[in-house]
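Next come two complexes built around chain A: one with chain B, the other with chain C.
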Partner chain A sequence: MTAEIIDRLQITAAIEREGEPVLRLDGVNIRNQITGKDVVRGISFTLKKGKVVGIVGESGSGKTLTCRAVLGILPELFSVSGGTIDLLGHDVLSLEPKQWTQLRGTSITAVFQDPGSYLNPSMKVGAQIAEVIRTKRGVTRQEAKQRTLELLADVRLRDPELVYGQYPFELSGGMLQRVLIAAAISLDPKILIADEVTTALDVTVQAEVLDLLADLKERHGLSLIVVSHDLAVVAQICDEVLVLRDGEVVERGATAEVLRRPKHGYTRLLIGEHHLYGLERFLDAKPTTPKPRLVDSRPILIRAEGVCVSYDSSTSRRQALKDATFVLRQGESIGVIGETGSGKSTLARALIGLVTPSAGQISIAGEDITGFSAARWRDFRKRGIIQYVFQDPLRSLDPEVTIADTLAEPLLLQGMLSKSEIRDRIYFRLDQVRLQRNLLNRFPGELSGGQRQRIAVARALVTEPKVLILDEPVSALDSANRVQILEILNSLRANGTSLMFISHDLGSVAGVTERVMVLYRGSIVETAATDDVVNRPGHLYTRLLVGSAPTVTSIGSIDRRSRQALREQLEAAS
Partner chain B sequence: MLRGIWQLRAGKLSVLFLSVIILLAIFGPALAPYDPLVGTDHVLADPSAQHWLGTDYLGRDVLSRILAGSTISVLGSVQVAVIALFVGAIPGILSVYLGRTFEWLTLRLVDTLIALPFLVFAVAVTALLGNGIPQAMLVVGVMVSPAFYRVARAAALTISRSQYVEAAILSGASIGWIVRKHVWAKILPAIAITLANTMGTGFVVVSSLTFLGIGVQPPAPTWGGVLASDLGYLNFRPYAPLFTTVLIVLTVLAFNLLADVIRDVSGESGRALLIRREKKRGRTARQTSATIPPTPHGDPQ
Partner chain C sequence: MASIHTERETLAYGGASAGLSSRWAVARSTLALAFRSIIVFVTVFFLATLLTFALQGLSGLSPAHLQLSESATPEAIAALEHEWGLDLPLWQQYLNWFGGIVQGDLGRSWYNGADISLLLTSRAAISLSIAGLALLIGVTLGAVLGITAAKFQTTWIDRAITTFTTFVSVLPPFVVGIGLVAIFAVWFNWFPSAGYVPLDRGGLGPWLSHIWLPSLALSMEAVADIARQLRVGLIQASRENYVTGALVRGLSSERIFWGHVLRNGSGPALTMLGMKFPNLIGGAVVTEAVFGLAGYGRFAADSASRGDVPAVQGVLVLAIVLVVAFNLLVNLLLVRLSPASARGI
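Moving on to the complex of A and B:
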């Protein structure tokens, strides 16, 4: 009887210890001291031991500022103007710099987007982690190295000894992110803040990093704060989620609950995007029986046969594209997916003549472009049959040229239309991308990211092209803007423009394409109807890709172990 | 950009001072109260009501010599800057577009020019081409042109690799079009800065060359020449070199100040700076995108 009670008491104690809060924010306000406005208002949440809190919101919603406040590293012009932050019993706001030095790393730590910029490029990565351990723990060089190797193995880097002696530039983005995570957990912190850690990574690598975070949480009892603009990322591993908009929490609750029954319109918008333009559209639908393929009678616009591209350097020759063969028909929209370095951008650049194929033949609208001279290219391009939209509109629009002049440029180069005709054409395209005419006198720097990308699309459209090639057009945009671009693309499809949509993200490609081409290490490994690729992926890589794509309805369409297995198979095969 | 320069106090100051110098260069000789070439009996006189800045070792009025000498001094530095601009900046921009051979040749040529000792080369060339102001300035211009070459090339290089140039190429733009529409405006501030700097340098060089007697024959007055002759008689008029030195230093300073101001007001950061200042003065600045909320279309289910 007494033994039973003691047992039960111990269990409750254990449960309580498990759920003991490590970080508590209460009504935190963050003020911009120049404008005097509160950019973050009244954020409260409690992070319990071994739990994961997710913060979702678009850029400028205050999610990073909140994390920085917790870490005590707010940018100079910002300060916490109200509320309390309690970190393991310390009142964060009254800490002295010296106390902070003790707390950071050992109690709380963070990993950010763009891991490359957080490492010293001239120092071997192992030495950088070992240095932290040595200065903070006061151990010998040998012990620090030993511990670093353990950590590198801990974050599942395949060959810790090798990575230890490598420089940051020798590692891929995913590996760098792992190294940073290893450095972050080197001093056994209680809390890890992961701020957009997977944003710049490929979908498959993103899944690996998220798997790693979940794994570390289980093994080390870490508490995590996962910050992302992508609801699906947060959905993967978070217990609780906060949706931030303009510095305020608009929705909060258990992740499953929020995803199933979103209350706020903004959350519904975020989820709706995944249903309209994501994998969900296909996954939710009943798998259809493969329909008998009708003979496609639409005229062929692009025909590529055996196209190879190789980049020569003085020491090596790298084949970026091997034997690519495909056709794109009038009015067809085709998706090109693959990881970084798979050759998808090279393929696109070969089509528009920015790289010259080393072998093979490409014809566009009946013209063989492979042997074009510079002058022939200029004439061909002026006709504007094929147009290209870059990933980052901030870089592809001249910052010192007004929007009006940017849009007029292709038409001026053609030199066939009068001024008023050009103006009409610009107005028409501006309406099509749903932008106001008063933007015409502005400079790109004065527009928002989404507006800029719509201008880039409009510029590509002014010459009334038959084919539009889009290289990662929505990767740099947040949800609302992404939906707008995808809607515009769908309306173009309806008007009979052919699209070639390049992305590493199957989700956004799936929403606007009828056929998908999968590239892996320079080769086209699979071409099939979008529906088939999503529901019946053939190639190993496609299966991994589909299985890694984060979705908001199902937490990963295949589990961690199967993903791991697929990855190993893929490695073995190539 | 010009409006921007005028809005900054340093810009206003340097522009005003340089206008005075330019006026001096144009009207200086006419304003001279005495003939700068004719000596008098008042040798090495201290400043007085008759001779404001005193007289030199031949009894010539120093003020008149400085005024009369301003034309050659200022014109010389302008000549230097213009020659350097053409010899340096244009090949600098073209080196990015005209292919590997041209690039290699010009780069090596520029390296050679940088390696040559400045004054010695100038002395050698004037010995060869004859001792005249145009020859001397030509040499100096060529010698400082690497600065223009480097600046123009660096600016053109970053722009040529930008995506908006690629986008223009994809619309069928030629090299001429790209340089005109996308490159020129962005290189201009960098060149303007170098130009103002070179004017400063040119001024010092012209002064030091004439100080050495290169480029100008002795009786002709120049600022450097006046300085040289004053330096020879320090026992009698120890303060005398100050007049020309202060004038030269201030002019060079004004050019460098102008260069700084141009750098501050050009480009993205310059625009931001000006907008901030306009706001401070309570004028309505141009509306920025930050005030326009994105308008989502519909609420997808």
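Moving on to the complex of A and C:
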């Protein structure tokens, strides 16, 4: 046979193999041994070679347990109580530990959320990847290192040699996730499970990781299971979607079909959130022309001019915020967007006096706060003109204090209202954040994450502030709670409260702000009407940000190659 | 450490300076750590010797109490104090004494004028033999028990070991010592019940047979503590995410345990060992009494009751050096175990 014929035969064989199932779940039930209840019921799906199946659901829906069952690493209290799992012809449920060790890494593997914790903190990351290659492939140390360096380059880490010798704590979240992916593909597995791999990463980094997975799928013929609570993440990359709720599949089908014609109410809620509050709101609308700039006559509440903040350590000085100048008007709602470390939280902290600017001037409601003494700050804060809502509501509420006392505290501190007035004020704000009065006697630990965040908003509101600063208020919340908080924010806007909404995600900000300020490496690189930022982003970073935002419609979101080009341009520019 | 920290930040920023070698940063941090450790050692040593020296003033004792009779004339006392250099200004006395210590000279005994360094060396050899062997037993047996308990977590083996360590940890060393003497020396007659033979005189066998029982008695508390700390540390480490990570990458549970969990889970046990070391030295004193050994504890007790201040000071200086040096060693080991911890200090 000539080489050509052999080639052709191999190609035919490859085409035939394409679409061949590599993993099949049939009616899988997972039981909690203690309660005796099945927490996952009747899950069935087939993963074909080179394909991507997405599993969407909120926390507790059973998506992670399903993945763990497939990997044979269910937590001790859980067991598969029904159904079959077929992994490349192996009956997963009857595998011995030895067989598992052989299959994991070579046939199936996984990467998870919080990548840093999945690496040994006291070992260099390169050595950890090399260890797997050495033990499973039986190659020499030198060969294992060589292969590891190739893998690190393969996941687009800029300096493989450097990363090889670093410890996990020396790497950023995005780099760690890429290291973890490199480790996962080190033995050429057939199936890769990506469980919430983009959660808690910046939007631009999220897109990078997803692009990388899509790229690896194409180049290595990987089959992927992508698990996320965010439908938009799954929509980017998956051929087929399963929507899980309370341990059951409520909707399934080809991704495009599910997005276009969702049947189940829960899926509709997930998609609806994007249309109401995501970038889709702007992208779906007909192309707009830039509006002529009208003179804004509303009084100015916050004026910042040339504000610089730097963090000094014994050996270096880092400028976290450079020359920030902006105004926030009465009743205005402004979004502050930027990646981790871009200076957006520093800006907010400067406004409430938690950091002192090294240069520049800030005035709030006519008062120059830059030179405030500690005592002046105390008085100023007591008046409650400006209030702050933190990202993590659990840690910003005192766990030992009831909700009622938490809400009453700022007012008691002011000492200007009678008890009944305070009670009325609290009831009013509680209604505004749509919470029942019977929560007042509870402790923060007894509330859900969404309820806690609404309490945090209510607490900020009791002093009737003129400005509310919200630092990533919805990043830790699921879809339903996110919608609720955003709706509350919109009703506050209607009542004339000024908002400053800080987030790394343009999507969550777009629905409640009229203007957006983009921060990049400490500088405000763009300020424009939200509609303009989404449809006509000016700065390179803003273009990448808009192009990276997960959307449930593909319109407007740029493709992988354009994103990569933007990243390279941005890198070259800095 | 500042240097690593800033570099990490530039990396997280993806800045142009990401090409900086991290190996250099690690080398620098190790050097800085060694330097800081030495500073700590010197400071602690200086303060502790200062306190030790102050004993002399606080006790109000002088060699005259030991060497002269009740009828001593003031002139005779002054002459004696002059002979011992006690009429010099205090700071000068301290400097003289400190200068001696640095060169290994602990001064002379008020009681018989003998060289304290010499007296102490032969006594300390006994105590340190016992404490050293006890440490060795403690670490080895403690590690074996702790690892076994963690590996067979929640089985009867684990429970048996936990029962044993709990039982042993509540027994004071002198009770264990008396028990061991009763069983192994009196009943079986395998080991001598008292006395000591130096290594250079009798060789390894007699030396070991004499210190074996006291060491064992002394080590029991360390065995129990190390076993329990190690068990908890290993169980906690085995629940970390990186264990799951290594598992799905295809490493076997055995390899993960011995290669990753053991190293990361032994930190607490090691920390505790550093804190237990003074107990071991202190415990040697009690054990010496039970086994009739003329060790360093007896020397300290005798000197104190005689009011022989330089001798007591000598004992304290030796203890300070041992404890500080051992803790330094433990800290350096801890940093080796967990590189991230070098960041914070």
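Just so it is clear, the second predicted complex is superposed on the first by the 556 of 574 C-alpha atoms of A that agree within 3 Å, B and C clash if a C-alpha of one lies under 4 Å from a C-alpha of the other, contacts with A are read in each partner's own complex, and residues count from 1 in each chain.
Assume contacts are C-beta pairs under 8 Å (C-beta built on N, C-alpha and C of every residue); 3 or more make two chains touch, one makes a residue touch a chain.
Please read these numbers as outputs of a predicted model, since none were measured by experiment.
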Applying the document's definition of touch, where does A:L413 land relative to chain B and chain C: first, second, both, or neither? first
Let me test your reading of the model: by the given contact rule, A:L77 touches which partner, first (chain B), second (chain C), both or neither? neither
Answer with first, second, both or neither: which of chain B and chain C does A:L354 touch in the superposed model? first
Once the shared chain is lined up, is A:G341 touching chain B (first), chain C (second), both, or neither of them? second
Report for A:Y388: first if it touches chain B alone, second if chain C alone, otherwise both or neither. first
Does chain B (first) or chain C (second) touch A:L447, or do both, or does neither? first
First, second, both or neither for A:R104, with chain B first and chain C second: second
Seen from chain B, its contact residues with chain A in the complex are 162-164, 166-174, 177, 181-182, 185-186, 268, 286, 288-289, 292, 294, 296-297, 299-301
Seen from chain A, its contact residues with chain B in the complex are 265, 268-269, 272-273, 275-276, 352, 354, 377-384, 387-388, 390, 392, 395-401, 409-410, 413-414, 434, 442, 445-448, 450-451, 459, 463, 480-481, 483-484, 487
Of all residues in chain C, which touch chain A in the complex? 2-9, 11-16, 18-19, 21-23, 240-242, 244-253, 255, 259-260, 263-264, 337-340, 343
Within their complex, chain A touches chain C through residues 71, 73, 97-98, 101-102, 104-106, 108-110, 112, 114, 117-123, 128, 131-132, 135-136, 158-159, 162, 165-167, 169-172, 175, 180, 183-184, 186-187, 313-316, 318, 340-341, 521, 571, 574
